[in-house]
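Each of the two complexes below includes chain A, the first together with chain B, the second together with chain C.
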Partner chain A sequence: MEQRYTDKELMARVWDVENIKTLIHKRVYYIADDRREDELSDLWVSAPENMATASFGRNWGFYVGMDAIRGYYVDAHAKRLAQQMERTGAAEPNVGNLYAHPASTGLVRLAGDGLTAKGLWYCIAQETTALGDGTADARWMLERIAADFVKESDGWKIWHMVIAADLNCEAGENYSKQPVYVDWDSDPVKAEFGTPTVAALTHDPTFNWWDGYPFIPEPYETFHDSISYGPEGFVPNPLKGLSAGEGRGYMAGRHAR
Partner chain B sequence: MTNKTQDLETMVARWEDQRELKNLMGKYANCVVLNREGELFDLFWAKDDEDVCLAFNDGYYKGGLDVSGYYEAAAGRNALVASLLRDRFPEKLGAMGDDEIYGIGPFKVKPMSCPVIEIAGDGRTAKGLWYCQGASNEVGAAGPVANWTWGYFAVDFVRQNSWRILHLMHVNDVDSTCGQSWGKPQVPYPDLPEFAPLGEFRYPPYTKALTVRPYYSPGRPMVPAPRIPQPYTTFSETFSYGF
Partner chain C sequence: MKEHLDLSRRIQNAASSQEVENVKALHTYYHGRADATAEWAQIWSRSGDCSWAHAFGRMRGFDQVWYGSVTQYDQMAMQNWMELVEIYPEVGGKDPRPIMEASVHTLVTDVIEVADDGLSARASFITPGVIHSVLTTEQEKYCNVLWERYGSDFICEDGQWKYLHEHVCPDILTRLDALNWAAEDYARLTDPDPKAAPPPTLGAPPVSDPGPMHHPYSVLSKPQDTVPWPEPYATMDNDNTYTPFL
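Now for the complex of A and B:
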């Protein structure tokens, strides 16, 4: 069988995967320092054509384009920190806040053409927010991180990212006692997410994994929209989730009460 | 990062280097979970280099004597825990000798994730940063208590016959009791008389006692993570995780 890549090309592909993992690992330390602006500047796409199509998704939809992403991820966050300072009387942002989103279980697929890649990680995260009364709201946040990467002139960059929360509960509480049905209206992560460019319930964690999004990346030759972790690649699963009729009538019973 | 202009042999060698560095820290973590602190200095450190340095949240051990002294004290503490547990459970452990029971009790889990590794251009040193979402299930004056330990391993390595640790900084943000929120006041467990000697145990004093990283509290200002390694040519060009 004819070898597709030379030995050096193969080794370059090995390093591509290593460098993509390192990119996501660096993001962990940027988050810990709450360097969101730097994260977008250093780790995300900067080529104009990629900036226009970049996206940041969560359970409730996608922000599309780097300007929209910055508005949500940096500007709105800064406003919330300023509001927190007013409430707590802190002299600087992030007093008493803690962010830890370590990524593990990395799965990276490098395109056959070597121009893009896809990756999926799991993250047992926690975020802690000072309340101003000498205590803080410490929360476990279990989530999947899916990303498309594109190789730009200065290396691999994040192009599309989806962070899909599975669980968000207070530290010290028994998370098996969580209500089955998530009350999105009181969910702090949803409140933080605001109104995205494209609204869609992409991952409903009710009954956990039934919707299967974000999907596991498969081997591929060249990138196309249908496999994107951007909004163009999201297709509601007709066979899974409450909207497909799963749930054995629990939802109807809940409404009846 | 690797430079695609490198020749194939160099690309392979540097990939093997970063894999060896990950494996080294993997072995270190496995030795800790097995309570083999007494072997860590000989197994993994650049033990003949007087620049070796081991940092925790509240100080630095510097030089071979002080770094190895810390590990010997940790091993001694493990032995003390084992002997107290033997006294507490004579029907199961009473007939066993010190060597047989060494290691029972402490369960210190330090899984390292999120590596960012840079190998110097000259190939003589390397730097690595890991996140550690760990647990320290220790036996203390209150008996067995499980704590979450969330923090960082930041390491400088030097190449001798094999890669060796030159500086190791293991600092935590969270070190708080499992089952309680680290955002609320911790409720300590009461001391138990059978474990009282552990309340009197002290590690050797630091070579340099100072706050390397304050633990998280609801009043703590944002404290940056240990710096992410950056590409460098030779160690004098970059920062150090040592004192």
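Now for the complex of A and C:
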């Protein structure tokens, strides 16, 4: 098979992939230390054209643009921490909190042109939040992380990110005892996500991974919107899932739970 | 450091190591959707030497591997769907395979060696994975934890890295944060009405090399090094493989 890249080019590509893996691993430590502002400043895009199109998605939609991302990810979070301090009486933020989202199962695709990359990871995560009565809410959180990366003048940066939760359950509790259907209205992560720039149910875990989102990154030559992990690359499944009924309403009352 | 290889070969092998990581991760994401067809059609060698082994034994040759890993696996998904649709009609029109479960064998602690000749690679992984599903015939969602070790061999065919051998070694399978695998095994062994250990996987397809090829955790057993990590090697042969060649 004809070799496409020279040795020097290939070595540069190997190095790029290692830098992208390091970038997503560093993000795990920023989260663990709750350095959200630093994460956005150090790891996310800073070129104006990329800042405008940057996005942060979860199961319920996308924040678009670094200002909107910062409003959700940093400012609203800081407000919640201040409210938590009022409830707990702690002298500083994050007393009794823990954030661990280790990234595993990395799949990194560097574009043929070397200017962008896409990646997918899985997290068996846990978070703990101190409560006002001296106890804490400790949870398991299973989620996929999908991200687009772009090479800026000072290195690789996160451009689009989707964190798609599969489940969220209290530690020490039997997950099987939760109601079968997720009650989004009481989901703490959904409540935290607020009102995104683009609202869309991107991943409904009711049907496990049937909806195929976030999709597995394929090899590609150059970036285009249709393969983006931003809202422009999200195509709702024509079979919409639970939100469309699709038989559930017709059979209402037959469900045991 | 493989300094006996020229720089060009070392660079090629570094890139190959990353490709092998991606092939292994693709396995996880295809399997998470229970998409056995994509997995075996796209990332496996169709060589007569390919093999897939689990505690129950080893399937050899692509025909047998496909039958056990795709045909029978799909059959389970379809049977599950046929029962499920009676309870949850909204699964109608949806692919029965991912509806069965999301079996997510997360990958950590990889040790990857690419052969000096650049034609094969060998890798060892640990998977502290999870298996979860929401709509079930028991009408209870579940999340299991499944810890296994993998011994994986890969070959390069026409510039594409493909799986050649997989040896899966399950150690523990239990409910996430709700049960204790050691206490469960102790209770089973001390039960006055003895029961066999539960199967560590769905089904047991026909095999060429009968098992057991690995034993799940027991309070009576020592840790097993069934798939030792690969050492640096020159070319794939019977001293450097997770499946001896016939």
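Just so it is clear, the second predicted complex is superposed on the first by the 238 of 257 C-alpha atoms of A that agree within 3 Å, B and C clash if a C-alpha of one lies under 4 Å from a C-alpha of the other, contacts with A are read in each partner's own complex, and residues count from 1 in each chain.
In this text, a residue touches a chain if its C-beta (ideal position, glycine included) is under 8 Å from a C-beta of that chain, and two chains touch if they have at least 3 such contacts.
The structure displayed is predicted, hence computed values, not measured ones.
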Next on the checklist: If we overlay the two complexes on their shared chain A, which of chain B and chain C does A:Ile124 touch? Say first, second, both or neither.
Outcome noted: both
Item to check | First, second, both or neither for A:Asp137, with chain B first and chain C second | outcome: first
Checklist entry - Touching A:Val180, do we find chain B (first), chain C (second), both, or neither? => result second
Checklist entry - Residue overlap on chain A between the chain B contact set and the chain C contact set? => result 7, 11, 14, 104, 124, 171-173
Item to check | chain A to chain B touching residues, read off their complex | outcome: 7-8, 11-12, 14-15, 18-19, 22, 24-26, 28-29, 32-34, 92-98, 100, 102-104, 124, 126, 128, 130-131, 134-138, 155, 170-173
Next on the checklist: Considering only the defined contacts, which chain A positions touch chain C in the complex?
Outcome noted: 1, 7, 10-11, 13-14, 17, 104-109, 120, 122, 124, 140, 142, 166-167, 169, 171-178, 180-182, 205-210, 212, 216, 239, 241-242, 245-248, 250-251, 254-257
Checklist entry - What does chain C use to touch chain A in their complex? => result 7-8, 11-12, 14-15, 18, 21-22, 25-26, 28-30, 32-33, 87-95, 98-102, 104, 106-108, 128, 130, 132-135, 139-143, 158-159, 175-178
Item to check | Complex contact set, residues of chain B against chain A | outcome: 1-2, 4, 7-8, 11-12, 15, 18, 113-117, 129, 131, 133, 150, 173-174, 179-185, 216-222, 224-225, 228
